[in-house]
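Notes to accompany the following structure.
Order of writing sets the labels: A, B and C. Residues in every chain begin at 1.
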Amino acid sequence: MNNNILTGHIDLSSFEPASAQEKEYMVQLRPSTTFFKDGCKRLYKNKVAFVSLIVIVLIIVLSIALPLVWPYSYDRQLGNRPGRPVDPSFNNLRPLEYSLSEQAAIEEGESVFPHLFGTDAAGRDYFIRVVYGTRISLAVGFFASIIVLVIGMTLGSIAGFSGGKVDMVIMRIVDIIYSLPDMLMVILLASVMRESLGPAIDRYAFLRDIGSNIISLFVIFALLYWCSMARLIRGQILSLREQEYVLAAQATGAKSGWIIRKHLIPNCISVIIISTALQIPNAIFTESFLSFLGLGVNAPMPSLGSLASDALNGISSYGYRLAIPAIVISLIVLSLNLFGDGLRDAFDPKLNQ
Amino acid sequence: MSLLEVTDLHTSFFTDAGEVKAVNGVSFFLDRGKVLGIVGESGSGKSVTAYSILQILAPTGRIVSGSIKLDGQELVGAGEKVMQDVRGNRISIIFQDPMTSLNPTYTIGHQLMEAIMLHTNRNKRQAWDRAVEMLRLVNINEPEKRMKQYPFEHSGGMRQRIMIAMALACEPDILIADEPTTALDVTIQAQILELMQDLQKKLGMAIIMITHDLGVIAQLCDEVVVMYAGSYCERGTADEVFYNPKHEYTKGLLRSIPTLDTVGQRLKPIIGTPIDLLNLPKGCPFAPRCDAAMKICVREAPKSQDINEFHKASCWMNVKALVEAQAALEEQPAAPDEAPEPAAAPAAIAEGGDDE
Amino acid sequence: MDSKTLRYIVKRIILAIVTLWAVITITFFVMHAVPGGPFTREKAISAEAQASLEAKYGLDKPLFEQYTTYLNDALHGNFGPSIKQRGRMVTDVIIDGMRTSAKIGLIALVIATSFGILFGAVAALRRNTLLDKVIMVMTTAFVSMPSFIMGSLLLIVVCVTLKLLPANGASEGGLILPVITLALYPMAYITRLTRSSMLDVLGQDYIRTAKAKGVSERMIIVKHALKNSLIPVITYFGPQLAYIVTGSLVVEQIFAVPGIGRYFVNSITGRDYTLIMGTTIVLAALIVIMNLVSDILYKIVDPRINLE
């Protein structure tokens, strides 16, 4: 717009009053979204969390899909075929090496699927053991978290809704269990459980397949780790009740229920999801820790922790056997943590700027 | 030359959500010993302007362009060392919330002496004396005893006095007061304002008073800047702006104050809510809420015009008035004594258009 | 100190005592829930031999009596004889192991705390710069890696591949890697804690006042910000110790360090029940007490107390 405004340069019609629409057009309100959509948008923008999510999904998909198509199974000792003499050349193969009989087969023109990570001391394909171990670790982590979620929600809700003596008793128990040094108790219980639960488990074929150690792991988690979830839920319920009274005092009648549902349920759910998402890597870590100490899954079932533990023995010659499960666990736990952090940044209403 | 000259200041905050344009082209100047008021709603950019002067913006904030000259010395881009010398020494500031603005873990004496020893050459003993002197100046009784006490042992009004004492300890040329009475009770407000008036007369420093309370402006200020959505609407002497407002926003503000004349009538607030600084529209930022908004207001932001020697405003209504006056005069052949006006009017517009 | 704080402290002490009691009780009953007792795993022994062994260890008495006896003994520091290490008292084994483990643990604690605070402060001050981002990435990585992973990787890289340090904890310089492994997670955690706490403090109004007075950035940090930022780090002392205790179980396995962690793990696989119990209780007591101390310390220095 030039500086010298002379009458001729201005269109007098510009001085006519502006209509209401023209004024509104100036103000582009940011499109209002629901809490959920807003959070998803923020999560999407967080590249790190997004990449982590992709990594986790990839790992999960691979751990489920690969054992189905892989020619080797995790418990098959390849040198140990029924009816034939034991072939020790299958043992301790380096990545992409072949045993003697396999080499012979190749020379005859057969194609043998390569051992990407070699084989372990018992002649089992290491790659598929790692993949299977990942599956176990993920499954244990996931189910343990679900168990914790269910128990925590139940007890937390009971405490929150009942109030009074029931609430107090439950909270005292929570306090005590919370103060227990969890790892020590876990180790203690783990070392004992498999002995005592053994006979109980053997009765059910389904449970036997899973293995006494994993069952005892679930039992331990159920006993010890539900506390923080219970506290969270109880806290949410208490604040819900407080809001209810406040709103009731304002005599808005039926509207109060709607407001509570609209504002507090998103709060609750996001808190639950975030807490669970951060619990899963914790569970996986505990499981691998126990397996590392020999208290985890039963042989021959592999878990990333037990694979690492077994590999300690041959570490000078077969260092990669320790490094591979170590890296995989780190990747899983790291991605889950980053994703959980991203979830929290996106959905935690308290952290909103 | 004025003591402080702010020219076309633009300050923005660069957040994850985008650039928040907090201050868009504000200019004013402050002479020695004068009191300037900056008035506007919350979010109008008044505090940000003050923080820009001292360069104490939050980490995401930055002065994008413009100039701030203290006694001719350019402060924008002058560097930390220069600014540390200016802060607390030549320009001081007191904040809105005295409860949180003092460090809870240090004694009052310590905090006062810190400022004194930073900028003057006094030793501990002299700093102590000076601090006590300052406490007395702000009418705090038993100053020696207070020196050893902690902020939490005092009320809001007392803490604000302590803040004032701290700010004035090094005899600054300018005191910036960012809504100093908003967080206080009404009676305390009056005391603090009276104190500030008193000190101003005694010490002769210039004051920039930031507030949303027009009454405070009327009581204390020589000159006023009215801000809205980061831009300035009008500025001039207090009398001019109050009795001859030339911006629709100012008019709206003044209209909305209930007076004895309007007893029994409906209150006339300005409808609507302040604009979103992330998505500043192209035209005048006040247009969506302005009753008198015109098509040109929606299209383009107005430039500043001189109303008279003491008064500038940025509002298309003024241009419209001038244009209409010109058109009216052109329709009739000019009578000799009216002839000079049309010549003067466009000249005034032309001049007003290109400064600040 | 006002009455509210005092009440809190008393409550916490009671909780700690109850927890300790719970630990001893749980440990006792869990161990005795194992079917067959500690001797049935041995190579077959005659019924009389078994009976006399059980009498010797007091295992023929009713369970509750055994419990009270054990409780009484434990409170006096007597955890009985080790079942597998013939001739040694559990207490002696524990003290022996603690010598090495305490050394490693304390050094790791000191390293973790000092470097953690340093890195955290630097990250907060150079927020959003490259340095900050690098620190954040590294801490995230270390925080996600379980101690046995770190330890294993370090073992492979430093000892096996590069052959810089011995893999055996008992040898010269063999304690360096265990200390580093133990220190990494707490250091990363403290870095993040310090950073967020300092950012929080730096956003406070009184920091702005200090800046407006012309105080230099360095002085703002040292005088005004640091004190308040370090308070959350104090609360972390308890959990930090817990981590070091459990971490040492693994680290001592990996690096063959003759410490209490290693004895504990071996006692589990070897089913040395008295040793398992004794070690669990001692370590648990350590953790519970440390948690108590750090909780109390925090309550005392909480700035909100000062503002009363």
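Basically, contacts are C-beta pairs under 8 Å (C-beta built on N, C-alpha and C of every residue); 3 or more make two chains touch, one makes a residue touch a chain.
Since the model is a prediction, treat every value here as computed from it, not as a measurement.
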{"item": "Of all other chains, the one whose Cα centre sits farthest from chain A", "value": "B"}
{"item": "Chain pair with the greatest number of C-beta contact pairs", "value": "A-C"}
{"item": "Chain whose Cα centroid lies nearest the overall Cα centroid", "value": "A"}
{"item": "Inter-chain centre distance, chain B versus chain C - centres from mean C-alpha coordinates, in Å", "value": "56"}
{"item": "Distance from chain C to chain A - Cα centre to Cα centre, in angstrom", "value": "25"}
{"item": "Centre-of-Cα separation between chain B and chain A, whole angstrom", "value": "53"}
{"item": "Contacts with 2+ other chains: residues of chain B", "value": "none"}
{"item": "Footprint of chain B on chain C - complex, ascending", "value": "127-128, 203-206, 208-217, 224, 227-228, 303, 306-308"}
{"item": "Complex contacts: residues of chain B adjacent to chain C", "value": "54, 56, 58-59, 80, 83-89, 92-93, 95, 97, 100-105, 114-115, 118-119, 150, 152, 163, 166"}
{"item": "Residues on chain B engaged by chain A in the complex (per definition of touch)", "value": "15-16, 275-276, 278-279, 281-283, 287-288, 290, 292-300, 303, 316, 319-320, 323-324, 326-327, 330, 346, 349-350, 353-354"}
{"item": "Parts of chain A lying in touch with chain C, wherever the complex brings them together", "value": "175-176, 179-181, 183-185, 187-189, 191-192, 195-196, 199, 281, 285, 288-289, 292-295, 305, 308, 312, 315-316, 319, 322-323, 326, 329-330, 333-334, 337-338"}
{"item": "Complex contacts: residues of chain C adjacent to chain A", "value": "15-16, 18-19, 22-23, 26-27, 30-31, 33-36, 140-141, 143-146, 148-149, 152-153, 155-156, 160-161, 167, 242, 245-246, 249-250, 253-254, 264-265, 268-269, 276, 280, 283-284, 287-288, 291"}
